[in-house]
Amino acid sequence: MFAHNKRLQYTVRVSEPNPGLANLMLEQFGGPQGELSAAMRYFTQALAEDDPGRKDLLIDIATEELSHLEVIGNIVCMLNKGAKGRLSEAVDKEGELYRSITGAGNDSHITQVLYGAGAPLTNSAGVPWTAAYIDSITEPTADLRSNIAAEARAKIVYERLIALTDDPGVKEALGFLMTREIAHQKSFEKALYSIQPNFPPGKLAGRPEFASVYFNMSQGGPELTGSWNSGAKWQTVSDRDQQVDVDGGGGEASVELPAKDAELLQQMALRQQSNPSVDPLTGAELGMMADPGQIASASASGGPASGAKGLPVGDEVIAGQPVNKG
Amino acid sequence: MFAHNKRLQYTVRVSEPNPGLANLMLEQFGGPQGELSAAMRYFTQALAEDDPGRKDLLIDIATEELSHLEVIGNIVCMLNKGAKGRLSEAVDKEGELYRSITGAGNDSHITQVLYGAGAPLTNSAGVPWTAAYIDSITEPTADLRSNIAAEARAKIVYERLIALTDDPGVKEALGFLMTREIAHQKSFEKALYSIQPNFPPGKLAGRPEFASVYFNMSQGGPELTGSWNSGAKWQTVSDRDQQVDVDGGGGEASVELPAKDAELLQQMALRQQSNPSVDPLTGAELGMMADPGQIASASASGGPASGAKGLPVGDEVIAGQPVNKG
Amino acid sequence: MFAHNKRLQYTVRVSEPNPGLANLMLEQFGGPQGELSAAMRYFTQALAEDDPGRKDLLIDIATEELSHLEVIGNIVCMLNKGAKGRLSEAVDKEGELYRSITGAGNDSHITQVLYGAGAPLTNSAGVPWTAAYIDSITEPTADLRSNIAAEARAKIVYERLIALTDDPGVKEALGFLMTREIAHQKSFEKALYSIQPNFPPGKLAGRPEFASVYFNMSQGGPELTGSWNSGAKWQTVSDRDQQVDVDGGGGEASVELPAKDAELLQQMALRQQSNPSVDPLTGAELGMMADPGQIASASASGGPASGAKGLPVGDEVIAGQPVNKG
Amino acid sequence: MFAHNKRLQYTVRVSEPNPGLANLMLEQFGGPQGELSAAMRYFTQALAEDDPGRKDLLIDIATEELSHLEVIGNIVCMLNKGAKGRLSEAVDKEGELYRSITGAGNDSHITQVLYGAGAPLTNSAGVPWTAAYIDSITEPTADLRSNIAAEARAKIVYERLIALTDDPGVKEALGFLMTREIAHQKSFEKALYSIQPNFPPGKLAGRPEFASVYFNMSQGGPELTGSWNSGAKWQTVSDRDQQVDVDGGGGEASVELPAKDAELLQQMALRQQSNPSVDPLTGAELGMMADPGQIASASASGGPASGAKGLPVGDEVIAGQPVNKG
Amino acid sequence: MFAHNKRLQYTVRVSEPNPGLANLMLEQFGGPQGELSAAMRYFTQALAEDDPGRKDLLIDIATEELSHLEVIGNIVCMLNKGAKGRLSEAVDKEGELYRSITGAGNDSHITQVLYGAGAPLTNSAGVPWTAAYIDSITEPTADLRSNIAAEARAKIVYERLIALTDDPGVKEALGFLMTREIAHQKSFEKALYSIQPNFPPGKLAGRPEFASVYFNMSQGGPELTGSWNSGAKWQTVSDRDQQVDVDGGGGEASVELPAKDAELLQQMALRQQSNPSVDPLTGAELGMMADPGQIASASASGGPASGAKGLPVGDEVIAGQPVNKG
Amino acid sequence: MFAHNKRLQYTVRVSEPNPGLANLMLEQFGGPQGELSAAMRYFTQALAEDDPGRKDLLIDIATEELSHLEVIGNIVCMLNKGAKGRLSEAVDKEGELYRSITGAGNDSHITQVLYGAGAPLTNSAGVPWTAAYIDSITEPTADLRSNIAAEARAKIVYERLIALTDDPGVKEALGFLMTREIAHQKSFEKALYSIQPNFPPGKLAGRPEFASVYFNMSQGGPELTGSWNSGAKWQTVSDRDQQVDVDGGGGEASVELPAKDAELLQQMALRQQSNPSVDPLTGAELGMMADPGQIASASASGGPASGAKGLPVGDEVIAGQPVNKG
């Protein structure tokens, strides 16, 4: 069960309102690398986790991330506070409000007009948060690696936000939040390496003949090699013919079909064939003509099917007399 | 700041695993009317709220909803527990696993194959949760009405889930969660009606001449009237001519354009006109012909397959005048 | 069946083009609180509704909302009209076009470059409209409450848009649209309260022991109480121990597993355990070293499995001689 | 199998960095009409295609579109190159960085803060690419028409981007990409018209009595007719009574229900009826009162503050006539 | 303005309820090729259209598609009618309700549990409708092609639905709807070809040297050629060297950077280099060890930075004595 | 530039069609952990990468992942091949087609009805692929960690799919694809650890006083500690008072507002206050009454404002005589 303390984990002191900056801060509120992503990532992992050590770790950090969501949300709200009042109360001076909402350095219009200068769960572009950001698959050696990566990403986005403001109170709180990502990454690393072995992840071994092959798929320029694709641990394959059909089975796809299915597919193929032995007139070619009546549609004689007679319509067209005036 | 207690707000006792039922329970975990929606709805409103009474109410309930998210998540995980082990460890008996995942009464394959029999933030169809479900706009008389409606919806979905299971432990926990929605709705109602006046919401008054008009837009059958569209409080307009152009200004849309803009638009109009005075041959008409060579593309050399019959149709069409120089 | 009259329900007169303002107006066209949301909300409810009075009410208002969608769409198009011509025809003066599209007070680039200065079904941030905005669940006491809330929200967003423009024609049309939301809310209120009883929504009664409890989940600061959480109607629970495990069952989650499932889970737990009795070297710790060769990978001796011999590679590294040059 | 050549299909020469322009270019990278849409559209069609000619055509063009994705992606990255370094390294001069990211003519903040001045798969508004943009349905006469339309759209968006920049290298590369859309459209047209007949698409014929009817649904103003809705090929229906219930069956919807289902529905209808014979007091009406205590809630003790100043209405209630028994 | 007639455009007679079939029908209600997509596609195009003939055509068809949305929505609701009552009223017989909702041939659980057996704007998989399905770009020669393709797709999906049911009333109504797509396609074709020229779309001509080139990008197997890639109208390029760098500029991407930007990028490059001259020990290699203590973290000596002294910790590990017990 | 070879990287041999299994395979085609995610992840990183070694590595692997997308797509298409023909050609035997599409063990209806038994870019639940799955932020120490995690996740999902089928050809191809994820992970690990130092990621150091603190946020039950939260490297904080307001600044959020902004906020607060000193009658309380006329709306006397007279309506109610029959 969760409980709440009215005080924040870290004090938020904002020097002056700035809705443009508030909008950027949304990256760590409702953005993909933000605190809701972190909290929900660890919370849902904790629910399904059976290992008592990891379960406790995950719920500890999930709870802290919720508390960070509260801190960054308060930064957003404080930066928006002036805008909130103006939007709510000042209904007369339109030009001014329009300029304050759309002014240079300020892409906060969505935050304001739609969300009322609150703290919406969107990123700085107004894209609503989605659980598609969470990549948990309920396997600890994969999920812990995902968590390590997530903490690294969040650390970097905080670093960028810190570089974007001079407000000392905002900088300080962001510095706290950024540092906690470092600490969390350290915890997840310990938990991962405490599972041994943890590589390859999961239960099935790889097929040895393909596990140390490096396919040099991009060619035609300078190749820089390193420990990631060369040396004794790697078998590098650059020959194009050896990159394809690596099992030697022909490199084709096949399925054994019941006779009736095969028959239906054959019927479909005939019906839908693009006949390679003709060069048909196309819509695009019709569309290149300068005069819409140059080839006119068959009319009196009943439409194109009249073709058996040899497209009399064409003659009419040549006569320059558009047929159907509508 | 949030804190966490290892015990749940309500005990979860599941009689036997049932991944199909687990999947349905996701509606109240990561579905639109579920507990994450509720928790985030009130949490974000609390952040931006300036009224101390409402702020406290919102954060109280948000915290409880997070605790409910934990309860429903545990129901999901317990119902999935058997599937989790089988998926993780049983790699040999494929037919069996396939059947257990896709069997009748069980649409849990997405939960299992992708999410590993955990508790993903999706609804029962596998659609990821999105903040687009939250409709807060940072205005209390609107947001409180939204909260009242959200609690009513959540109550109903719980009612449906209760009807879907015989497991007494699940039923009991769902009954608790359902009841709390009732209590929360009562709180939000009190908070709304403690703002007075609260209708119409916001600051601007409506235009009196339109505020009590009822437009009877659907006609042609029996009309059943009630207090919502008839009686002394309503002016009902059924005459089609009085429903349109209600301001009497003509019912058209216009803009005063700078001369240069008007000129460009005129130029565009000419270039893009659909000429009503011709009946052009169309791609669809080409496509109705039985024989792809009936109208062949013009070209002296005849295209890739001009060979066989020599495109007689093409000749007819252009009467010796190649239309399309391509 | 729907029919269409070429005249608008309300005349649209725009004084001058302004694509920046057009973009903001999209909130009520393709935004979550906009007219498409309203029209589709009531239209789909009407389809499934069996009560003749409500069905008629819903389709009446749905039809009017479609007509409002047309009015706001015309405002958008009129404000964009100048931009449309320039974008379509003026291909030479690039700097000018770039500036006109990205200038201060104008976040309309998405509307223009992608949507050609038309009326796309997005909000002002360019987020496509989604049916996830519609919260109908086909239960009238819930859906009517949702409708009441939706009308309140739409009223407020119109109020904000009215405050953002000085154009008298735009203001007037927006005022009409705003007023109609008030009228619609009144109708939905009547329809809701004409169902009696309507609270709690649905058929199942709540569990009385939990229906009037208020859990004071947020503590540690001043508490402001009101009719929403105190007084004779509420039993307020502030003791943390009484907030948890309210049923007295222990507050844990459990499931009765078949023996075989339990066995597989046990096997999984052993395989995936994060061993608490070691302090493993982690990737992060490797990553903190100043010199990438400080601990080098085993090479000649065949990789990490050479560990049996006692990490000779480490010694080599210390000697400053990186092993694998790649 | 795919292979990669380190050289681009077309050389990219950018004169100077411009993150605002980079952002607009994203339309053709991760936008709906962009190169990823094109590549994936044709690639997935190729996979399911059984006609050898079309299969080859589709994979040829898919591969080229991937190569175009690489070209436009390089344009984006080159235009962002300056921003990337400043964002990564310049952590001291905040005001400057903030201004450079949010300056006039530059809506690239999302590209920079979240995506690090890389090439994210979003459109210029930051909306992530989605496979919902791809409309393939695995039927060649429909899919080829979709491809023709997609090429036409992509051509136009390139045209708009070309108009937005003066950089000759960018213009030249965009001109190449635009031209290729023209070539691709020509190929798809040939493939479509090589299927004969191709209209109507699919296998089922339409019902003749409805295939050439034009319903004039919008009336009440000048009607401009053309070959699309008038002439010998069309039967135009303007009479409103003939537009509705065109089969003459009554225009109603019905279902034959089992008796038990009908009974349950009847029960539901009674329970949920909006009673037309009363005019209930509503929440909105409560909300219009000036004084929140005008109608106070019933309760022996009067609620939290039943008291202080008199609340005459409350007194009446307290006077022993409880309205609301809870 | 829109008006509504209580009768449908086509009578809906359903023989018996079938929620599984109802679910499939959602494809044409809230699916990508469904009637909402059609109605909104044409309605929004109509709003922005300046050509009077097309504007009228578009709003006529949009209005009819709305009326079709109503027809298909009624089919869904009639097929769901039995389920609606059972879900709403039958709260006792759980097993039965669960089976009826999740039974074979019935993936309607999302429609029922979440949406109450109504008509939600989703496809048959429960994915909410999104305006991302609409590809309009406000250029008539592109948009009309998009409309032609959209009608073709909708026709095919109706054809598939017709094949899925034996209910004669459903088949008949679907046949009407399918036929109307044919009629609409014919109208849009006429409107497109009435613009002349309409190919290439837009205003800019392509670069002639690239407009008739076919790049044979997929090789290594049988090539089947047709009018789409061979013949006199095409210059086919199969030589891999001629496919790349077609402008002869080198095929590289470049940008001219201000000196300071270049300097920052150089600084970044150094800081972030993946050093190719070492073979570092990696996390994966740590993870392959059988014993988590094989390489333990440095402890007494102060963590990894103690490396200067030569990894004494490693020696301890080899002794099999894990150092930090935590 | 990309090129294509008609042969696959790995031969696909499917023993018999199985659309239910085809549907599950979509997880690795258009699902979040699938091959499109992989290919686009590395491709977009490669575009923005300035380090030559990593750039080459990324494009090599991106190209291989595209080739894997082709392999898995072919598996899907082969498994769907029978369904494709039946859907396209067999329009008569409806019951049979319906059963084959919705039968037990087969949730492929969306794949078939909407996507025509092709290979759509969705996951197995029909959710369209979205670039929101890609978490790249253009910083190598974060992105490489993300790549490592992504490979681990993909390996596991392949493992699950392998366990779900007995078809030896499918198993073999999946085994190849799974193994390649292992090889790719190894490469990314090498590239990450070749950047030194790589932890903490980015340029800014953390604040030392918070970098090794572990907040024990979840309490009230057994605590299991490990290297991740205890030992000499961690300072564990369990005291609730020390977890909050860790900077000692008070734990509140504040902003310094210009006087005018403060004034407007004060005005807003008064207008929107939820008055704690009254207990208002609420909509819910109205809704609990058994009889809709119990409190009826004021009518003859002009609506609720008639309250001045002391709720005459209330009297009527008590008399049990509903007032307004509407």
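Labels for the chains are A, B, C, D, E and F, by order of writing; each one numbers its residues from 1.
Here, a residue touches a chain if its C-beta (ideal position, glycine included) is under 8 Å from a C-beta of that chain, and two chains touch if they have at least 3 such contacts.
Chain labels with UniProt names: A, B, C, D, E, F = Manganese catalase family protein.
The structure displayed is predicted, hence computed values, not measured ones.
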Practice task
Could you tell me which chains make contact with chain B and chain F both?
Solution key: A, C, D, E
Handout entry: Interface composition of copies chain E and chain F: same or different, split at half
Key = different
Practice task
Compare the contact pairs of C-E with those of each option in D-F, B-C or B-F, and report the one where over half match by residue number.
Solution key: D-F
Problem - Between chain A and chain B, centroid-to-centroid distance (C-alpha), Å - result: 19
Handout entry: Interchain centroid distance [CA atoms averaged], chain A/chain E, Å
Key = 13
Handout entry: Rounded Å distance between chain C and chain D, as computed from the means of their C-alpha atoms
Key = 16
Handout entry: Per-residue overlap in chain B, given as positions that touch at least 2 other chains
Key = 1-9, 32-33, 53, 59-60, 63, 67, 74, 77, 84, 88-91, 104, 107, 114, 116, 122, 125-128, 130, 132, 137, 139, 141, 148, 156-157, 159, 162, 185-186, 190-196, 199, 203-204, 217-218, 220, 222, 224-228, 231, 233, 240, 243-244, 251, 265, 268, 271, 274-286, 288-289, 291-292, 294, 297, 299, 302-306, 326
Exercise for the section: Could you please specify the touching residues of chain E with respect to chain F in the complex? Expected result: 20-21, 23-24, 27, 31-33, 104-107, 123-127, 156-157, 159-166, 217-222, 240, 243-244, 251, 265, 268-269, 271-276, 278-285, 297, 299, 303, 324-326
Problem - Contacting residues of chain D [partner chain B, same complex] - result: 141, 192-199, 220, 224-228, 231, 233, 244, 274-280, 283-292, 294
Practice task
Please name which positions on chain E make contact with chain B in the complex.
Solution key: 1-7, 50-51, 53-54, 87, 90-92, 94-95, 97-99, 101-104, 107, 109-110, 112-114, 116, 122, 125-128, 139-141, 148, 185-186, 189-196, 203, 212, 225-227, 230-233
Exercise for the section: Sort out for me which residues of chain A touch chain B in the complex. Expected result: 1-9, 30, 36, 40, 43-45, 47-48, 50, 59-60, 62-63, 66-67, 69-70, 73-74, 76-77, 80, 84, 88-89, 91, 114-122, 128-132, 134, 136-139, 203-204, 275-283, 285-286, 288-289, 292-299, 303-305, 307, 310-311, 313-315, 318, 322-326
Completion exercise
The chain A residues in contact with chain F across the complex are 5, 7-17, 32-33, 52-53, 56-57, 59-61, 63-64, 67, 74-75, 77-79, 81-82, 84-86, 88-90, 130, 132-133, 135, 137, 139, 141-142, 145-146, 148-150, 152-153, 155-157, 159, 162, 172, 175-176, 178-180, 182-183, 185-188, 190-191, 194, 199-204, 206-207, 210-218, 222-229, 233, 240, 243-258, 261-262, 264-265, 267-268, 271
